[in-house]
Every structure is written in C-alpha cells, then in structure tokens.
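Following this line, the structures themselves.
Next come two complexes, and both contain chain A; in the first it sits with chain B, in the second with chain C.
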Partner chain A sequence: MADEKKEVKPKKRMTATQAAASIGPMVKEFITGTLRARAEGKQKIAYTFIVCHHEEIFRAMDVVPVWTENFAGICGAKRDAERFLQRAESLGLSRSLCTYALCGIGFDQWREELGQMPPDAPWGGQVRPDFMISSGQILCDPRSKWYQASQQFMPDVPIYNIDLPYPLFQRDRDHRDVWDYYHQYIVKQLRGLVTFLEEQTKKKMDYDRLRELVDLSDRTWNLIEETYDLRKAVPCPMGTGDAMNTMVPINFMMATQQAYDFFVNLKKELEEKIAKGEGEVENEKYRLMWGGGLPAWFALTDFNYFNSKGASFPVETTYRMVAPLNQMDIPETKDPIEHLAWRWLGYWTFWYDKAKKRPGSEPDVERLINRIEEYKIDGVVMHEAFSCRTWHVGLIWQLHQLAKIYKPIPVFVTGKGGKKEKIYRELPSLILESDIIDITSYSEVDTKNKIDAFIETLESIRLNRAA
Partner chain B sequence: MSETQSNIFNKIENDYKDYGFRAKELAKEGKKLIGHVCSFVPLEIITAAGCLPFRVRGDIHEPITKGDALLETIVCPYYRSVFDLSVKGKYDFLSGLVIPHGCDSMVRSYSAWSYSLPYSYFHFLNIPTVCVESSFEFFNAELNTFRRSLEKFVGRTITDHDLVQAIRIYNETRDRVRALYNLRKIDPPLLSGKELTMALTVGSSLPVDEFNALLDQVLAEVDRRGQSHLKKGPRILIDGACIDNIELINLVEELGGHVVADTICNGARDYFPRTDEGGNPIEALGRRYLDKVNCPKTYRENKTGTFEGDIASRFGDIGTYAKEFKVNGAILYVYKYCDPFGFEVPARKAYYQSINVPLLHLEDVYSAGTMGQLRTRIQAFLEMIG
Partner chain C sequence: MAFVLGIDIGSAASKGILLNDQGMQASYECPSGGDFKLTAERIKKELLSQTQKSEKEISRTVATGYGSTLVAFADEVKPDMVCHGKGVSSLLPSVRTVIDVGDLYTKVLHIDGHGSMHNFLLSGKCAGGSGRILQVIAKVLHVKVEEIGELSLKSKKRIDFSTGCAVFAESEAISRLSQEVTKEDLLAGLHRALAAQINSLVERIGVEQDVAMVGGGARDVGLVQALKEVRNQDILVPPNPHMTAALGAALIAMEGLKDKIET
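Let's turn to the complex of A and B:
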C-alpha cells in the first residue's frame, strides 16, 4: 500500500545562530513529552492551535497542549506527510483543503484504526488527546472544522470551540467604536474555556498562577520584539530561515520560563554577532523580506540557497505573532482573562491607525511598508501555499498595493533643505509556489530557477543605483 | 401551454440571462442597491434602510481574467468568479457591498474588494462561529453596528418598525418559496429544478415586493398546469453551497432525473428558515441568521457523545428533506478549495449511508468546462439508482 512508504530523508538546513540550531531537540522533546504524559496519565492532554492567546490558561491548569499544526509541520519537514495525506484523501477529503488538517486527520484515523501509533510515526507520533480545543477565529476555517472531522474517529473526545473574533479593518471606521463588545465576547469565550478545563481536569483555576503566567508572556512578547529588532543591523545576524526555527518558542512555548530564557540567550547571541560584524551571510548583498506565506517545511534549505547568492532575510511577517505591548492602546486591567482578550484585540488591530493615515494602505500592507523601511529591504519574497487560504489569500493584492509606492522608476522627493532629490524606490518581488507540507506541489528546479532570476533582477537594480 | 403560462417563465429566463437588468433600471432611478454575497447577510436590515439588496452572482461561462491579477487562484472558485465579474464592472451600478464572515475566502479578500471596486459603501459583518448565549449577544451587537452604518450611509434612522415590516415581507417570500418547493413533492414534480433555480436566482436581484409578485405568478402558472408535464425519473437532492448557475441542475434533468430538493445557499438554506415575529427584531434576526441558517461554517457542538448522534443533529435537515421529497439519490456538490464544506465530506457521506440515500460526491471548479466530465458521472449515477 502506497501509504506505508516513507519519503527520502531531507537535507538539514544550515542555521546562522546557535539558538536556532537548538530548536530541533526542543521540539522533539515536547512531542516525546506528550507521549510521556500519556503513559504517566497524571495530566490531561489537549489538541489545540497556535495563536489563540490561551496558552496561559492551559499552563495554569497543567494541561499538556498538543499543537497539531506543529505535528503536521514536523511530518512535512521530515518529508513523511504523504502517507497521512493519502489516508485523508481516501476518506473523501480533497487535497485542496488545508494539508496540516489533512495530515492530522489522516494520522488520527490511522492511529484509531490500529489502536496504536501508525508504523514509524514521526518522533513517536501524535498522542490521543483527552479533549480538543478548536478555534473559530476570523481568519481560519479549518481550525473549527479539523477536530470536528477527527471526532468521527474518536467521538468520545469532546471539543470546546473558542470563538476569537476581531474587528476587521474598514478604512472609514474606528475599530474602537466596536471593540468593547468584541472584548466582552472574547472574555466570555475564554471564561468558557476555563470552565470546560475545570470540568475536564476536575481542578479549579488558580488565578494567581494565571496572572503570573500572563505577566511572563507579556515580558516574553516585549523581549521578542527587542530581540528581533536587532536584526535591523547590517549585516543581518539572523535570517528568516532561522526565524522558522525560533518561531517555536513564540508559538508553542509561550507562558513558559523556557521561552523567556530562550530569547534572553538569542538576544545575547545576536548582540555578540553584531559586535563582531557577523552576518547571516558572509558578504551581504541583498536584504530581503519574507513578506507573507507559511514556509514549505520540506524545503527550508531554499533559505540556504538564497544565502549562497548573498541574500539575507532580516525580517518576516510570518510567525512573528507578537507586537510591542507598550505601543498598544489597550486598557489596564488586573483580571488576567480580560487582559488576554485586550491583548488579542491589540495584536490584531496593531497596524490599523497607521494604515488609515496612508492613502491606499491597509494593515497588512502597512506592516510590510514599515518593515521595508526599518530593515532596509531590497526585495520581497512571498510563498503561496496552495492549500491554505488563511495566510495566503490577499498576498497578491498586497504586492499590488506595494507596487504603487515602490515604483520601478526614479521618484522625486523633497529632501534636506527643501531640495528635490531623485530616489530609486523600486522593490522587486518574488512569489514562490508550493505548499506547507504537500511535497508533490514542489519543484526544486523551478524554485531555484525563480530564485536565480530574482537575484539577477536585484543585481541589476543594485548596479543601476550604483551608476 | 398558454401564452400567459409561458410568459412568466420566458420572462424569468430572460432576466436570468440578463442578470441585474431590473436592478440597473432601479439604480438609474436613483435607488441605492447594496450587493451581498452569502446567506449570512440579513437582507431585512438593508431593506429596512430603504436600499435594495442585490445578490452578486458568478458566471461559469466567463473565464476569470482580471480577477486573477488581484486574487489568488486558491480562493473558492465561485467567489473568484463573482470577484472577477465585479472588477470587470458588471456590478458597477451598485452603491455598496456587504461581505460577511462566511469563509476564509471572504474574510481574506475583503481588502481586495473594498479597494478595487468603485462603491461608496462597504461593510464587513462578523459572524460568530459558535451558537451559544454569548455569541448571540455578540452577533446582535454586530447587527446593530451594521444597522448604524447603513443609517449613516442613507442618512436616516432604521426604526424597529422598519425592521418588523421587512421581517414580515421576507417571511412572506419564504412562505411562497416553500409553497413552490412543495410542488416538487408530487411525482413527477409540477415544477422542474431548472425552473425553480432560475426563478430564485432572478428573485435575488429584485426588490422583495417584486420578487413576491413574481413568485405569485409562478405559483399561479404552475397551478394552472394541473398536472406535471415531466416524465417520471430519479428524484435527486442537491447538497452543497451556492449554485447560482443552472447548468448542473439542467444536466441532471436532461439525463432524466429531477432535482426535487436541495440544501443550497440560494435554495433551502436561504429560504426555509423564517424569522420569528413579535419580539425584538434584531434578536429575531440574530437567531435566524446565526442558528437557523445551517451552514458548515458554524460549529455545532456534538452533544450526543456519538458520531451517529452528531451527524444526525448536524445534517438532520437533509434527512427530513429526503423523506418529504421522496428522494432516490443525492449529489454532494462541493467546490474545490471550500474548507467549510470540504471538511464535512466524510461525515456527510456517512450520514447519507445512515439514511440509505445513495450519494454521488462531486468536487468542481465552477466552470462550464467541467460539465462534460460531470455528465458522464451523473449519467452513471442516475442509471445506478434508476
């Protein structure tokens, strides 16, 4: 049977920082940790999703989270997702749907059919949960459908679905006009989660502990901002390739001392590299931004290919799921649940005010513009993963809007002393196409050809500017 | 068939082909037309504001060109087609557009719509994903925000009385549509699926009172038929999202089947649930649009603890229609890249099996180009169940 076959082991991506290199064993540990927790039977185990601002609640209740997107990503990175995707397809699920979810559902169905882990399951496999916390957010349909589909094979495992909306950006509206009732709703949803977990764990929430964990997360958020800001240095000490590793503590380990300590160490490492003038690449020629899209987890070595051409990635929008709390206009509160709800709203509306001030801008576009300027970016790379609408629909339009600002012609601006200056604001972009974990969508040759052509464009712009 | 009898369906067919003909006339007269897409948009509020709701449609015969320059091809193909027609200017007579949180394709493309089209009014309506007390409170607040934004746009207050009147008239539409569906309970049906779908599609481009008058004429004409002019054949239920082009239904009927029931957005999903009358109108609308519109986008908790109980609760309406309309088979028609429906396919398949209704599952891309392949598969299915 085709689904018994594993794919060829991928090449390992070279990292620029020690911190990024330490991530692999860390991820392996929390996968094996869930297996250990299941064997010991002392803690409840829950499937759940990243970016829900609920980690603090989980950890305060001693619930072990199983990040199902993470497990699917590991299957992809190990080039061992295909057999699970095929399982899902055999159930009637289309390959055009979120492949993280397909991988997870295929795995669950197989595990439940066997009554044990599928053969050679990556890193021991994804453990059977006690319950599942899904999330009907404004930005991802599969998050509220995935566990419902998995429940077909484990109907005894209950689901709690948290609804976490935020006001969508509308140019002519002030989101603050509506966010009180958004906040009230999110608070009720999070309190509902607490009640559900109390019922499942037979324990009461310790609100002092929760408050401490929320404070720890907040400090980690600010520390991440400070750390990532160091990548503005020229040459850039750490690129997006590494950030696809360091996203792990941001997205899977928030509200832990380990995540905080990780960024203390990363910050120190980056400061040392900057002091020594060490960059991600030896001779940095081009500074690129990963401007959108989840990566192809099976092809992270493509970042090394960019690096080999002198291209560094000082910044990315993907997985930088934090924003400086001190710049958020959110009310003070001593109630940790209320704070989580405000932080949620503050994060998603972070760019709204700035976007309104610039004609033609919009929060996602505004974020790109700010990053381009702050990190001195020469070009934008995006990845269109065919199976994910959540993070990928809208990218073409964002580039379209960006092209109105960064034109491929010299632009005259008023410079110092009121004199007109001719500047070149051309910003080429590249869209790579494949998927998050479905390797059948990927062509290494085509990808490298596209990168080569893009680098040639960057070089020609560089030479023109120099001339 | 008398001249009067054929006239109404001729008119419907003409209006179907020249979709928006009447709306353009009304726009020229100075009426404000508000476009909408998806069953989650409360048309009653638009009507209560003195505007005319207009359902923007796609076209399976029109190749997607301009739209692809602004939107990814991984967007729901139906929605892509609607966007493509819009940026090509087909709906430039509209004054505004309302997009709800119906799916990721709608949410993630909202900026592309609102920056690319020349309408003076845009509104995004957030729809909760769950049906619990707090989500109804939130949704009612969202409906009031929508109400206020329309008030600002039209420059007048929308009173509760306006809403009550609008609720009443839309319920009258729903009653008439239900009466039309009932005509298909007879074997062979008195009204074909093609006729019904064309009438409902045309209706979604008309002011509600004109739609009601149109439905009265259709009911009267079918009544005059006395008995069906159709031959007996397999009775089919179509299960899926929005099917606003008649080709699929036509295909089934050309091959000898009859589409007698459906769950589609511009069919039973939209028209069967009534809004409660007599109470607070916003709360009644909140209840209807969030709870009664049975869309897979809304997560419904499994309260039974069993898979069988869960699917019976989520898809019970299908079983009811299957019985009421005595269906012999069903076609589950799902668009590629549709996450809300796509993830339900295994559960829906299991449900059809549990109620002993043979099922054909089709994944399609909203294009006339696939009709040849669909013909072969539908023909084989009809032969199998026939």
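Let's turn to the complex of A and C:
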C-alpha cells in the first residue's frame, strides 16, 4: 500500500486584502458544515462540480453541495494530497489523469474501506454523499467519469448526470441561430435535476424561493464584476494571488447571502485602498495577467515571489466565472430554470461577437486581449498543470494566436541597412509548469528561475519600449 | 584598468571569464561538483592566477547559472538566459533566436540586436530533451562525451531511437547494443530523437532568424547537425558555445561598471 505519511506543511501566502485572508476560515467552516449536516442527518448531501449553474437549485431544495474539486484543492494547498493520489494509483489509476479526481477517488476509497474518515483527514475530511451530480458539460472529462469511479466504493450512492452544452464558436455563423435548441435542451436537463432532487429529498421544489435565489446570484454576478473592475486601478489593490482565495464565494457559495455580503465588503475594501493609493505591491513596476490554467495550489506563495519583484496581477481569466449580465444578449424570462439556462449560454458565448470583429481572433484570445487593454497589462503568465488536460491543451494555442494577431509593444530595431526602424512586438509570456495538486511535478528552483528570467524580459522591454 | 568577472555555475560544469575593456583576458571551466561555493572560489582563483591579478583588481562580478545564488562574492546575480543573450549577441550580432542545450534544460530565447531578451521558453522539469541524456549514453557506450558528436557523424545507417527520456534512453541503448547496432548508428539515432525534442520546443516559441545554438550541447557536432537537418536550416554556433553565459555575465558586469561610473 502507498506511503500514507503527510507532507510538509506549506508556508502561508501573504494576502493583500482582509477579504482574501478571511477565506481560509470560511472554507474550513464550509467543510465543517458538511460534516455537521451528515451528523444531524436533516439535509441531503450531494457531491458535485463547480460552474454548472445549478447551485440555486441545490440551495432551494436545501441540499448541501460538497464541491469535490474544492476538497482536492484543499488537500493540495495543505500539501496533503500525495497519500490520496498514491491510494488512487494503487487502485490502478494513472497519475496522468486529473489529479483532483485521483485525490477524490483515493480519499473515497480509503474512507469507505475504513468506514470512517482517513487519519488526520484535511479539515475533518470529505463527507460521504447521499447522491452525486455529475456533469457531461464540455469543461472537462472527469466531470462525467470521476463519480463513476467513486461509485465502485459506494455502490449504494446514485449518480445523476446533467448535460450542459453550448454552441461552439464558428466565425461564419451566429450562435443565436441555434441557441434556442441548446436552451430547450439545457432547460430539460435542469428540470430533470429538479425531479431527481425531489425524489431524493421527498420535497417539492419551491419555485418562489428558487426565483429569489437566482435573483440573488444575478446580483452577486454583477457585484463581482463591479468589484473586480476596481482592480484596473494603478497601483492595483488586489492581485491574482488573492483572487485565488476570493474565487471561493464565486465558485462554491453562489446563491447565498454570505457570498453577496463578501463582495460588498471586498468592494468597500478595494475602494478604500484605491483612495489611499495602496497597491498589492509597494512599488508596482509590472502589471501581469494570469492568462489561464488552474494554479498550483501547493505553491501559491509564488505569487508573493512575483510581488517581491514589483509585479502585480490585476486580472486573471481563471475562476472569474461570471460576466456582466447587462451586457449579455439573452431573453428575459420569469421562469428561473429558463433563466439559468439562458445565463449559462450567455456566459459561454459572451466573447463570440467581439471575437468575430477581430481577424484571427477566437473567444478565449479575445478575452485575453480585452483584459490586457482594460487592465494595462505588461505580460501574460499561464500555468500548464499537466493533469488538467482541458486547460493545458488550449493555453499554448491561445498564446500562439495572441502573439500572432496582437503586437502592442512598439520597439526600435536596427534594420538590415543599419537604419533604425519602429516595429511592434507581442506581449512577453511565461508558462509555468507543474500541476494543480501533485507536488511531485513542481520544482521551486526552476519556477523561481523562470520568474527571474521573465522579470528581466519585462524590464528589458520597459527600457527598450519606443516612446 | 578595470577587470570584471562573469561566472556561470551550471548543474554539470562551471565556467568563468575575466574581462577588461580590451576583451577577454582569461577563461576557465571545471566540473561543478557538489559544492558550488567552493567551485566559484576555485574559478576565481584560477582566473586570477592565469592573469597574475589580485582579487582587489576585480571591480565587479556577475554570477549566473544553477548555483549562482551561492556565489558569495558576486555583486549581482542574473538569470542564465539573460547572460546567454548578451554573450551570443556580442559574438554573433545577427542572431535573434538562441537555443541553449544545457545539462538539465533546453531553453529557447528571442533577443534583439543588443542581446536583450524579449521572450523565452524552457523545457519542463523532466530532463528529456536536455544534454543530460548525452552523458548517460556516453557512459553506456564507454566513450567520452566529447567524442560522441564525431562518432555520430560517421553513422551509415541511423537507427530510429524512440525516446528522448534520459532514463529510458539508457535501457533502450543497452537493448539496441544487444541487437549489434553500432555505436555510430545508435548515436545518430539518439541525436535525431533529441533534436526532434529540441525542435518541438523551438517551434512552440517560434523562430526569428538568425538562429544560434549554445550550451554544452552545442559542442556536440552530431547534435548540431541533427538539429540542422530536422529544422532544414542553418544554425550558427559561436566559438566555445558552452561559455556564452559566463561571457554574457562578464559583459553585464562591465555594463554595470560603466553605469556606476556615469552616475
């Protein structure tokens, strides 16, 4: 059997905002809450995935969601994932599969084998569910396969799968030509989920409550946009390191008053910082964008290393899973399920129209370009987490396309005849490589060497930039 | 006359260059060993001995490479890619893409006409596609690592070597030798596999002409030839390609000295 010793505790990342610092206890309470719910037995507990636009349905039915990706991330951040990954490997699963899934499957197998939580389980452990809601959406493959594997150890726990497609980008087609079909299909999927939950909880859906929760979520979406827009300020008051904390209410607590209040407070804190001219770093020299990839949860202190070089991260694409609702061209409806389906489609097609207007662009690249301009970005950092195949594949391509169609940096070069010429270069980029929670893929020395070289590149560009 | 020192503490080999405004005055290289601090001291001592200079006459030292932070007497530490850029540009001013095949990593960087880096890419944590594989194979074949380039060029029937992984390469080489494959053909196959891996990294970042290859791997004529064939284009190799980071470090030290005087 695998070595089941715990790993060395990581150093804590320094946060720029009080709001980000408050997230740790919040997540801990969230995990404790699931354990409490299990002990009390009054509410049903469901394993499920983030970014499925179904939180409102769960909360309206008083179902407690257990975000299994979140628990794996916690194990990673606490550098306590390896023993669960090794468990999964000993079951014959490859390390090259999604390590979130491996961690969760390894944990479930161990818990079921013992009939209790594994020893020293992070924050009390991941509670046994009453049912599992998987998702066949396009975001990533483990969303439909993970729970099937876990079900081997919990054969009495049913799985319900919801399918959440969206029309793919086609330059010569308007996605609105087909999205009614998608909408009808998604509405059916979500209604099917309601029926499943009604069967499991022996309760009927309260649609007035659902409507209220959807409205609360919508208001939270808009508030998040307003709050994150404040990070355009120079110096930037909050960076991506903090955003990897503040992603918690966005992704795990949507449709709760707590999430809304969190962003009210964060917005106030950022406004105060801006008024005082306080930045994430004391002397902001470079403004970077986290252009994609899930972070290495065990190495979030790398953001502090960037900060120590005068680099701030005003914006990221990862985990900003909201878009301004007032800019979405979606039909109005009083039916909350129909609205959820429209919001889903509005979110995933948000950049389509803009991308069509720029030759060679695509929605993901267009989003990068818009963020670069809005947040005055000097360079792009991405993280290739080897086990996160969905992100990994697209990142390199996005950078290629970005470099090809977007060259914002004017520099003088000496041409072939010895004459000085003004040309435009692409933004410099850095690709960090490791994993979301598999620490064996990570080298601190290499990462810091790469960051050092990248900072030198930014400095060289800053000095050579043509006026 | 001011002297400056550039020192590159690599994972396998360390190099030093003593420079003044007349050009390079001395150079030295040695294995890095297990004590980088001691190696740095040894290089400094050797360079001073070659030039009959005293420590006080070194006005500035820039360290680079894997063990650079352990060079206690350095005034400044710079990433090795930055130093390669400076070093290559001083020797081959037309170069805009530098491929550094080192012991543990392969790096590709884009530089401007002044040797300033404006983009780069490194191979991952895995040593596949780096120079380490050449040392592993040299050991298996009982040949000196300096000899494998020439041997490879004598190949008559290059084999298809299936891996660029430094660990699997050893077992593949042994199994091929048991099939009576010649050293020359085996090395040519290995060089081709390694060149293909390096090329995929080059392609990821793209190429701006001219292209130069540096690092210990660039001393291997077989590997340089294989990369030229894979890319179907010329690749420039400066003299002493393994010394360009140390040279760049010395040039940066000289620039730093001038800045200091000007201010």
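Definition applied: the second predicted complex is superposed on the first by the 441 of 467 C-alpha atoms of A that agree within 3 Å, B and C clash if a C-alpha of one lies under 4 Å from a C-alpha of the other, contacts with A are read in each partner's own complex, and residues count from 1 in each chain.
Everything below uses one rule, namely that a contact is a pair of C-beta atoms (placed from the backbone, for glycine too) under 8 Å apart; a residue touches a chain by one contact, two chains touch by 3 or more.
What you see is a predicted model, and the numbers here were worked out from it, not measured in a lab.
Visitor: Would you sort A:L114 into first (chain B), second (chain C), both or neither based on which partner it touches?
Guide: Touch partners of A:L114: none, neither chain B nor chain C.
Visitor: Taking the superposition as given, does A:H392 touch the first partner, chain B, the second, chain C, both, or neither?
Guide: first
Visitor: For A:V413 in the superposed arrangement: first (chain B), second (chain C), both or neither?
Guide: second
Visitor: So in the superposed three-chain picture, is A:V264 touching just chain B, just chain C, both, or none of them (first/second/both/neither)?
Guide: neither
Visitor: So which bits of chain A does chain B touch that chain C touches too?
Guide: Chain A residues touching both partners: 396.
Visitor: For chain B, which residues count as touching chain A in their complex?
Guide: That would be residues 69-72, 74-75, 101, 103-105, 107-112, 114-116, 122-124, 126, 128-130, 132, 134-135, 137-138, 141-142, 145, 149, 296-297, 299, 301-302, 305-307, 310, 334, 336-337, 339-340, 342-347, 349-350, 361, 363 of chain B.
Visitor: Show me the residue ranges of chain A that touch chain B in the complex, using the header's touch definition.
Guide: Residues 91-94, 96-98, 101, 134, 136-142, 144-146, 148-149, 151-152, 155-156, 158-159, 161, 163, 165, 167-171, 173, 177-178, 181-182, 184-185, 188-189, 192, 360, 362, 364, 384, 386-390, 392-397, 400-401 of chain A touch chain B in their complex.
Visitor: Touching residues of chain C toward chain A in the complex: what are they?
Guide: Interface residues on chain C, with respect to chain A: 66, 78-82, 105, 112-114, 116-122, 124-125, 204, 206.
Visitor: Which residues, counting only chain A, touch chain C once they are in their complex?
Guide: 396, 403, 411, 413-414, 425-426, 428-429, 431, 433-434, 441-443, 445-446, 449-450, 452-454, 456-457, 460-461, 463-464
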